[in-house]
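In the two complexes below, chain A is the common chain; its partner is chain B in one and chain C in the other.
Then we have the complex of A and B:
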């Protein structure tokens, strides 16, 4: 039986990922001179898909429901939400590895690249399971440190180095702020395990110190999810990084940051106690959600560079998902949280797909601006059809799951009494349609400007893009998945 | 387990000390242009958190804080390793480690 199995079996998805990353290091170090791209990509894909399969299996056999499994002295928990987010992170990682297979064909350090991808995935899966601030911090660092190296992995490309530097500097600063916030929470509550933190919060009278600590935790989460005010690394890092890494960071890293936010704030700082103390984190997230939606979408509308536009749109989408935290406490918590999780799932596929299309363009030597994308339809019709699906789904048109997840998010916010959050979200989406359709117009309607190299067929990239497109479209009719997301959310909110 | 102990210095002063160290680090982060100085400043901020962890570990009489301080040190070392690596490639590509020099992309 799975339900009463031991700790490590319950944590199998994380364990499989960790083992895979070490196997990759090992496989690469046997013959460091001659790297076998297919072998390494195959191993990573096998490990990631294994973790993915296990998380799906556990989810549907009801592991961790209705009560989450508390493991390792309550430091780690396996429940519906952790399995849901493990699935999201692993799906994105699988697509990214598929895309990297072609993208890396002349990269000298393939073994390290795949290994770091899987290590970062391990960190993100562990973030989904973290039930104490210690595990949360260690998992965040595991994913961040691997990501810094991945962003800067094109060692002779100035853009990649600059992106890595900026990502690292802001990452180091925000992790210092996060850990100082954790130390203040520890100072007030005497514990780092989330339930014990909640108990300590209920008894404390050091409200000022606790308030500063909570603010600093919000800062750490904002960095990881690329939300205002810690969003300004995102356009730089996503633009300079290798495109598959941008896909990985903007989708998986964001989802993992949000699961930390959901769990830490709901478990560790329950609204019913903290609002009485005057530490109303829902209010903070309301402000952040509105500002993030506005800043992300307006900045995206002004970009000429496709990757940078997608980067700002990813900031905007962080704003939509923040509604999941900002609309709590309105009596509609399960619907709000479930819709936010659903949006992260759909976003995982459509955004990864969009960045992988950019990876395909970079692979082909297409330029970076909107004009450079003119008429790609004539050269790569399948990929361009998929890109149209991604972009319209990101905008929220009923062509992919993005429509329904935004619809669910906004109706849930209205149901919770926060109609103005939904209004800002709808306006931001309307604006986003402008810049997404600008790119669609360039790809489908404009005339091609120049020829480019088509000597080598990037099969892996195509498979990844088409798979992401199929998932994006499939999530439209298969939308009852939102009930599963809500079931997963109800474990946390119970 | 530690017994809750009366600290020689009241615990509030440790909080003041750590806040001071944190602010010095933050000041360094905001003003220094040399990437290595930036790293050193971030280390100060991390160690400010460690002061809190160790002081309040004694205050609360549990070892959680002390243990986490060890974790933070290990992670800080890992972070520096990655950071030095990135600064090294920065130097190779831009012939310098001024963090404001690397501006091939516009903000």
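Then we have the complex of A and C:
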């Protein structure tokens, strides 16, 4: 057991984020009338990058490896996986803050916006560290409640308000399901701490109640990761929300949802015990993965609205990552989970970049449909080149890391004996190429339909988009990072 | 100095390519001098490398591994150099011809005020670089890569005058026809890599050695006995050779390639493109010598091509066309020599041919300059007195081509025929190949002297022929150098004289027998005897040599008799129906066009119909089903939040019930 001081040091990334969000509230409340956009954005960025740097430093100095650090009476854990996901979440948050600096330039409530972003990031980082169901629930709620407000932050935009409300209602329902599931698990096992839950599971006879509890936990996770059939909020929320918030939710929130799923199910409900009880959560995730890949990609193919297309594509990508849970137990666990984590890392950059491109388009007053994007190449060549990289990488073409992470995911699934999961994934990817390349065609090939305002130069947005593109491409040659992801996964699976 | 500088032999022309391309417009002679300097440097370095090899040096090093195999059973792909007697000799030939062609180009291209010269010299530089790299490649894959680059360069240079109609079409044809052969070559390379795990020509574990061990060990490779599989691989690689060296039936590109500038023709025919095919067979001779079938096919194709092309050369009126068919025919001889285990003879002819064919093309180029780019021999005549340097050097080249004592072509061609005969006395297939080669000697003598007489003798038959343009030093020097070489190069391996006097003067044999044992001539002969069953009958070289000489003289004499006098007339009509067949080149182009348009295109259309109708039908069907499905999925998203709540709850209940029943929870 470690001392209190080192507890806080080990949790430094989360603590830095939490402190940053309060500093932002403070900074904004000193002079509520006049907000200094640059100061607020700079503070947020500094805090997030600080957390990011600490998590990278911890990761490479081997904190929490090979054995995770259990803290606060085992309620929280710091290990390779928590640091990995803190990195993903913080990277996305940093890009989003950079993009928001321009996006918010005439937004009246900047202070609240930035501090909510950092607060949500704090919640997501905490999700990565949660080692008990109650911490997980609190962390999920922290990030969710902040997210509801963020989605509705354009207070005079009916779409934003409506999206926020819908997101909140579905979120409330899903939280109810999740917390009910937690209570059932507690009723059966008598504990909320994951190791104790696992011990309780091994001894219980109340299989029916436990099964319902587990299924409800799956529902809660599926909501957070926007997996079918708990995905209905996602297209509405992403479309209505300010584009940087959509980027944030679809990338970071999803990754955080998955880290909860990885930890809760692998730690709390070990396969070797629950399968014997008839609670085969791998099978449930297989169903979800297949349905999510199919529904997400089919729905994306029909969209006319770019943001909505990206929203459904984000649902589809949740399906790919679900393979990471659905292909467990086939003797190839480390490779499967490592690949899923890697896909979330790459996805964090390419998907955030794509949504930030939409943010740029909204900022410039370009419309929302594919046709409105026609010929943007002539106006914004750099951003369009980056967008091409994002889209093709999302589709899985070898222009960015998205190719290799999908490849690793599918080969790992085949290696685990689940070739049909890989087959569905490959088919879904083939379909996804159709709608991604439709957008690429509109941007690069079609003739522009109208002029638009280019008077202000959104430096922050450009920096964020280019940084995301560089990372997307860099993850192709730097793909051996997958070994690190596998190392992080192996702590959990050990 | 050690062999570490040897890569410069190829890199210098590469540098001249880059310089000519980037800064050619601002350089003196538009990059021509840079090219000369580079190829001159290559020539000196090649000679130095040859001297090193002559003093017992040998170099076989991998310089750069671009795909490194990790672990057991993986492949490593690399670039490297192999400098042995064969490759250094070829390096000298290629760089010498390239140097002279550069010099000649100053007269043929610059002085004639051509445009686009930087592109021309860049092309020559890249061409030389590719060929030199091909020559010193130490593995088959590297050789293949530069073989392809050679093909690309010939495409670029044949189509140099791309604004006219014919050159681009000829360039395309050259590219496509050779590519057809290279397709098989590529499969062969992959097959060799897959079978032996290496494509190294020499050294411990080189692929010819592994193939020999497999045959000796009676192994089964890919379901075939090792010998059969080696034959298959050899024949696949031979596809590329037949395309590049313009052997029947892939020779049709070469006459069309005459549309390129004449110095380029000289380079293509003497030292680069066409020579590459034959050189490749010589380079991996240890592999071919293992397969009796492959050897017989090489010999037969060679003999047939020699006769076939020579017969077409008889009726051509364009001076470059005559030379084009003579090239096809002469490379046929080299193939014949290789196929009968006459490794030295074929290499010898490769060398002498390089000199006299470069000479003849450059001579023809000089004539063409003088004639204001007129190429029809019937409009020439009487140039002998106006252009003495050109005439005497061209005559030397012609005597060599016709194979008349003591010019170089006689010695090398005679040696090939001798080897073919002694091998043929033991094997009827090879004897047939020899017979065709022997008959071709007569035709060669005939068309060569028909060309000489029509071009240089008699009365001028046009204004241009009466007042030819005077030539500069840059055309005369290459002609003089090559003229001397065409005359004397044969003395390096006078087999009949050696036989007659007993003197040890077969220097080339000794040269090719020096170096490592694995690549030596005597090893190859022994391998061919043991594995390809090519045995040599005892026979003096004098009698076959005499027969060949008599035939050559008869051919030349017939031509002189028919076309001499101030006003020669065409005799081709006397051939009757045969003339039409010959002028139409045996309808080779027609049948190949039919193969492309009548057969391939129809099959392709059928496949297209199948693709459009059946495959696309299925795909379109799937996509309409997908779109319909997508429409349904989209309708789920009604926008009404209570619907969503209902759907989520329903889905949860369905999952609960399904998994509850499945898992036996209740």
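The criterion applied here is as follows: the second predicted complex is superposed on the first by the 489 of 494 C-alpha atoms of A that agree within 3 Å, B and C clash if a C-alpha of one lies under 4 Å from a C-alpha of the other, contacts with A are read in each partner's own complex, and residues count from 1 in each chain.
Note that contacts are C-beta pairs under 8 Å (C-beta built on N, C-alpha and C of every residue); 3 or more make two chains touch, one makes a residue touch a chain.
These numbers were taken from a predicted model, which means no experiment stands behind them.
By the document's definition of touching, neither partner reaches A:407: not chain B, not chain C. Of the two partner chains, both chain B and chain C are touched by A:173.
When the two structures are aligned on the shared chain, A:295 is found in touch with chain C, with no touch to chain B. After overlaying the two complexes on the shared chain, residue contacts for A:240 are found with chain B alone; chain C is out of touch.
Within the superposed three-chain model, A:232 lies in touch with chain B and with chain C [touch as defined at top].
Look at A:164: by the touch rule set out above, it reaches chain B but stays clear of chain C. Look at A:155: by the touch rule set out above, it reaches chain B but stays clear of chain C. 165-166, 169, 173, 177, 232, 235-236 are the residues of chain A that lie in the contact sets of both chain B and chain C, per the superposition on chain A.
Chain A meets chain B in the complex at residues 134, 137-138, 141, 145, 148-149, 152, 155-156, 158-159, 161-166, 168-169, 172-173, 175-177, 179-180, 182-184, 186-187, 190-192, 209, 232, 235-236, 239-240, 308.
Residues 626-627, 629-631, 633-634, 636-637, 639, 641, 644-645, 647-649, 651-652, 655-656, 659-660, 662-666 of chain C are the ones that touch chain A when the two sit in their complex.
Chain A meets chain C in the complex at residues 165-166, 169-170, 173-174, 177, 207-208, 211-212, 215-216, 218-219, 229-230, 232-233, 235-236, 277-280, 283-284, 287, 295, 298-299, 301-303, 431. Of all the residues in chain B, the ones that touch chain A in their complex are 15, 18, 22, 25, 29, 35, 38-39, 42, 45-46, 48-50, 52-53, 55-56, 59-60, 62, 64-65, 68, 71-72, 75, 78-79, 82-83, 85-87, 89-90, 92-94, 99, 102-105, 107.
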